[in-house]
Amino acid sequence: MLDSYAPAAVLLIITVVMCLLIVSLSTLMGPRRPTHRKLEPYESGMVPIGPAVRRLPVRFYLVAVLFILFDIEVVFFLPWAVIARQLGLFALVEMGIFIGILLLGFAYAWRKGALEWE
Amino acid sequence: MIDMIAPQGSEPAVTPIGEGQNWQGSLDELKGMISPRALTGETMLLNMGPHHPSTHGVLRLLLELDGETIVSCVPDVGYLHTGIEKNMEAKTYTKALVMTDRMDYLNPLGNNLVYCLALEKLASLDVPERAMIGRVILAELTRINSHLVWLGTHCLDIGAMSMMLYCFREREEILDIFELVSGQRMMTSYFRPGGLWRDLPDEFIPTVQAFLDHFPKRVDDYETILNKNPLWIDRTQGIGVITPEDAIALGCTGPVLRASGIAHDVRKSQPYSCYESFDFSVITGDHGDVYDRFLVRVKEMRESIKIVQQGLKMLRKGPFISSNRKFVPPPRAELGQSMEAVIHHFKLWTEGFRIGKGEVYFPTESPRGELGCHLIADGSTNPYRVHFRTPSFVHISALPKLVEGEMLADVVAIIGSIDIVLGDCDR
Amino acid sequence: MGISSKLGNLGVVTTSLETAVNWGRTGALWPLLFGLACCAIEMMAAQCSNYDLSRFGMELNRASPRQADLIIVAGRVTRKMAPVIRQLYDQMPSPKWVLAMGDCASCSGVFNNYAVVQGVDEIIPVDVYVAGCPPRPEQLIHGIMTLHEKIRGERITDWAS
Amino acid sequence: MQNLRSLGDRVQEAFPDAVLDTIAFRDELTLIIDPEKIIEVARFCRDTEGLEFNLLSDLSFVDYYPEEPRFAVCYHLYSIFFRHRLRLKVMLSGEEPQVATVTPIYPAANWQEREAYDMMGIEFIGHPFLKRILMPKDWEGYPLRKDYPLGYEQVQFTFNFDEVMRQKPQAKREKNT
C-alpha cells in the first residue's frame, strides 16, 4: 500500500536536497563583504529615522488574528472538497453547519466594528 | 575617484534629516511641522523617500504615522533641482530654449510654448497664423500625451496594471507624430521665437487625422474599465478632498482646481496663441476628490481631441515663422540672393538677438495647471532673469493639507491624482 | 574564501562553470525601479508593450535594492540626490551592475552648473553608458545588450575572489 | 488696459504713500510697493469688492546686482472672477533683504518664499518654516544671486584631468572635512 506514496516521497527528498544545497552552497562559497551602510535598514534611500523596532498599535494585531481565524477555516475545506462527492449529503450538511458557525463569528466581528480601522 | 564623495562604509557627505544616534535631538528643526508625539516615539516617523515606486519621481515625504492614519506630512523636494533658471541666464535667448524642454519632461512642447510666448510678448514679435494653429495642435497633443502618462502611472499605483500598457501604447503614436514633425520623440524644441522651427510636413494632417480617428474609442475603453469599477471607486471616491476656498488659497490651478468646482482655465480666461478661435468647454467636477480629478482629466482628453480636430480644419498653407529678420534667421535659399540676409544670418547665429529692457509674466495652461514664465530682459543677448511658475511645485506645497487624516495607502492615490512631475517642481 | 581559493584553477571545470553562471546572470537581470527624470519616462516606454524589455527577462522592476541586480540611473543626478544614490548602490547585493542611461547620467549633458553631479561615475562605478537625451528605447535595449556581453565576459576571479 | 489702470489708481488712492510707482508695459500693470506696507496692500487687493485678487499665482524674485535696491520680490496676483492680473513689486536693499511674509494672506506663498530664501537669501519675517527647500541642507551661498558663480566645470581631457578633479566640489568638501 505504501508504494503508492513512493513518488511523493521521491519528490519530497529531491526538493529538500535541492533547497539545502542551494542555501548551504551560497552561504559557504559566497564572499562576505559587510559594510556599515549595507547592513543599515533600507528606508527609501535615506538614513533611517529612529530605531527599527517600534511600538505598533494594537489594531494590527486585531487584523492579524481575524485573518488567521478565517484562513484556518479555509484549510479545513481542502480535504473535504477533495472527496466531497463520495461523502454525499451528510458531509455537505456537516460542512454547512461548520461554515454557519464561522459566519456567525464573522457577523459578530463585523457588528462589533473589529473590521473598521479606527 | 569613484569613492570621492562617500568612500565605501563611511557616512554620506551630506547628512540628511535624522542623522546620528539620538534621533530625537536631530528632529528639533522640524519643531513646527510635526506633532510633539513623534519625539516621544508614540507616532512613527517614516521616510516615503526620494527612491519610492509611487512618488512619480524623486519626491520625499516625511510622514508621521499613528498606525495607518497620517498625522502630519512634511514634503522635502529639491532632489531634482538642476538649476535650469541659473543656466538659462548664461545662454542666449535661442539656446536657453533647449533648457525649457527638460523642465517638465511630460510637457516639453508646453514649456517651449510658454517661453516663446513670453519672449514674443516682450519683443512684440508677430507670429503667423499657421504657426499659431500648429502650436495649438501640438500643445493639445502634448496635453493628451501627458494625461496618458498620468493615467497609466496613477492606475499602476492603485493596482490597475493593464492601464499602463494601454496608455503607453497610445502614447507611442503621439510620440511618432512629434518625431515626424521635429525629429525627436520627447525633447522636441520645435517652437522657436517667432513661430515653428520647420514647416509642418505634408504627412502631418493625415497622420494626426488617423490618430484622431481611433483614439476616442480608446478613451471610451478607459472609461468603461474605470468609471464604474467598484474597486476603483472605493479607492478614489471621497479621498484627498480639497474645498474650493482651500484650493484657491493654496494656489492650486488646472485640473486640481477645476475638480473642486471652479472653472478657471487660462486658455479660456486669458486666451493666447489664437485659442479664442477654438470652441471647447472647461470641465469641472464638484467634490474635489481623487475620483473627480480623474474624471476631469479624462474628459479633458476628449476636449483636446475636439481642439485638435478643429485645428486640423483651420490649418492653411502659409509662412510658418515670422519674417521679422531682427529675430528670425532668414531661410537658406535667401542667403544666395540678398546681402542683408547674410548679415542677419551671421548676426543671429553668432551673437543672437537683443531685447530691450522689460519685464513680462505670461501664464499658459499646462496639463498640470497654470505654467507661467516671468521673463526679464535688460537689452543684452541673454535673458536677465527667467522664473517659471510651475504647477507641480504649488501642488506639492498643498499636499500636506490633502494628506493629513488619510490612510497610508491613500497617499499613493492622492499623489497620483495631483499629477506632479518632479522636474517641473524642482526646475 | 570563495571558489577559486578553495578549488584553484581547474581549467575546463571553472570555465564551463563561469559560462553557466554568467549565462544565468544575463537571463534575468532585475533592474532597480529608479527613475530620476526624463530618461525614466523613456525607460517606462521601453518596458511597456511596444519595446518590451520583458523579452530579456527584465520586466520585474524591483523597488527595493535588496532584490535588484542592475541599477539603471535614468536622469540627472543632483548634489542633493548623490548620497541617496550612493546609499542605494551600497545596499544592493554583490553581483550588481550600473547602467548610466542618458547624457545627464553619463556626463551631466546639458546641465553644467552648481546643482548637478557631472556624471554619475563620480559616485558609483558605471558599467555601461547609454548616450542620448533621452535615449530611444532601442538605444536602451542596445545598452542592455552590451551589458549582457560584458557579463558573459566576466572571469570567475572577478566575483568570487 | 484701461480697467487695469483704474485698478492701479484705486490701490493708489487707498494707499497713497505705499504705492511708490506704477509701470504699464505690454498691457501689464506693475505697482512698486513700499516693503513695510506690503501686507496691508496685499490684504486690500484680496478683500476689496472690485479687485478680489484671490489667487497668488506666482511669487518671483530678481537680483539687480549692480543697482542699489538690489533685490526685488514680485507678487503676481490674479482674480479668478474678474480675470485680470496685477504685479506688486517690492524693492529690497542688498545688505539685509527683509520683507514681511504674506503667508497668512496667501498660503500659496509659503513654499515660494522658502524658495526665494533658498535661492537668493531674502529673509521673510514671520515665515512659519523658513529653511532651504531646493538645495541640500548644508549648502553655503545663495545660487541664483548674480555674484554666485555658475559652477561651470571645464570638460575633462587628459591634459587637464587632475586640476579639474581638484576643483570638483566633492574634492573640496573631502579636503576640509
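Order of writing sets the chain letters: A, B, C and D. Residues in each chain are counted from 1.
The rule is simple: a contact is a pair of C-beta atoms (placed from the backbone, for glycine too) under 8 Å apart; a residue touches a chain by one contact, two chains touch by 3 or more.
Being a predicted model, the structure only gives us computed values, none of them experimental.
Student: Which pair wins on C-beta contacts, A-B or A-C?
Tutor: When A-C is set beside A-B, the one with more contacts is A-B.
Student: Please tell me the distance, in whole Å, between the geometric centres of chain A and chain B computed from their C-alpha atoms.
Tutor: 45
Student: Rounded to a whole Å, what is the gap between the Cα centroids of chain A and chain C?
Tutor: Each chain reduced to its C-alpha mean, chain A and chain C end up 35 Å apart.
Student: Taking the mean of the C-alpha atoms as each chain's centre, how many Å separate chain A from chain D?
Tutor: Centre separation, chain A to chain D: 57 Å.
Student: With chain centres taken as the means of their Cα atoms, state the distance from chain C to chain D in Å.
Tutor: The mean C-alpha positions of chain C and chain D differ by 42 Å.
Student: Going by the touch rule set out above, which residues of chain B reach two or more other chains?
Tutor: 1, 4-5, 8, 12-17, 49-52, 78, 81, 83, 86-87, 426
Student: Which chain C residues sit where two or more other chains touch them?
Tutor: Touching at least two other chains: 79-80, 84, 87-88, 90, 112-115, 122.
Student: Would you mind listing the residues of chain A that make contact with two or more other chains?
Tutor: In chain A, 35, 37, 45-47 touch at least two other chains.
Student: If each protein chain is taken as a node and each touching pair as an edge, is the resulting graph a line, ring, star, complete or other?
Tutor: Basically it's none of the tidy shapes, so other.
Student: What chain-chain pairs meet the touch criterion?
Tutor: Applying the touch criterion to every chain pair yields A-B, A-C, B-C, B-D, C-D.
Student: In their shared complex, at which residues does chain A touch chain B?
Tutor: Those in contact with chain B are residues 35-37, 43-51, 54-57, 59-60, 117-118.
Student: Residues of chain C touching chain B in their complex?
Tutor: 33-38, 40-42, 44-45, 48-50, 61, 63, 75-76, 78-84, 86-88, 90, 110-117, 121-125, 133-134, 136
Student: Which residues of chain C touch chain A once you look at their complex with the stated criterion?
Tutor: Within the complex, chain C touches chain A at residues 1-3, 6, 64-66, 84-85, 87-88, 90-91, 94, 159-161.
Student: Note which residues of chain B are touching chain D in the complex, please.
Tutor: Within the complex, chain B contacts chain D at residues 1, 4-5, 13-17, 29, 32-33, 77-78, 81, 83, 85-87, 90, 121-122, 124, 248-251, 253, 262, 264, 269-270, 358-361, 363, 370, 372, 374, 376, 384-385, 387, 389, 393-394, 396-398, 426.
Student: Quick one: which bits of chain D touch chain C in the complex? Just the residue numbers, please.
Tutor: 135-136, 139, 143, 148-153, 168-170
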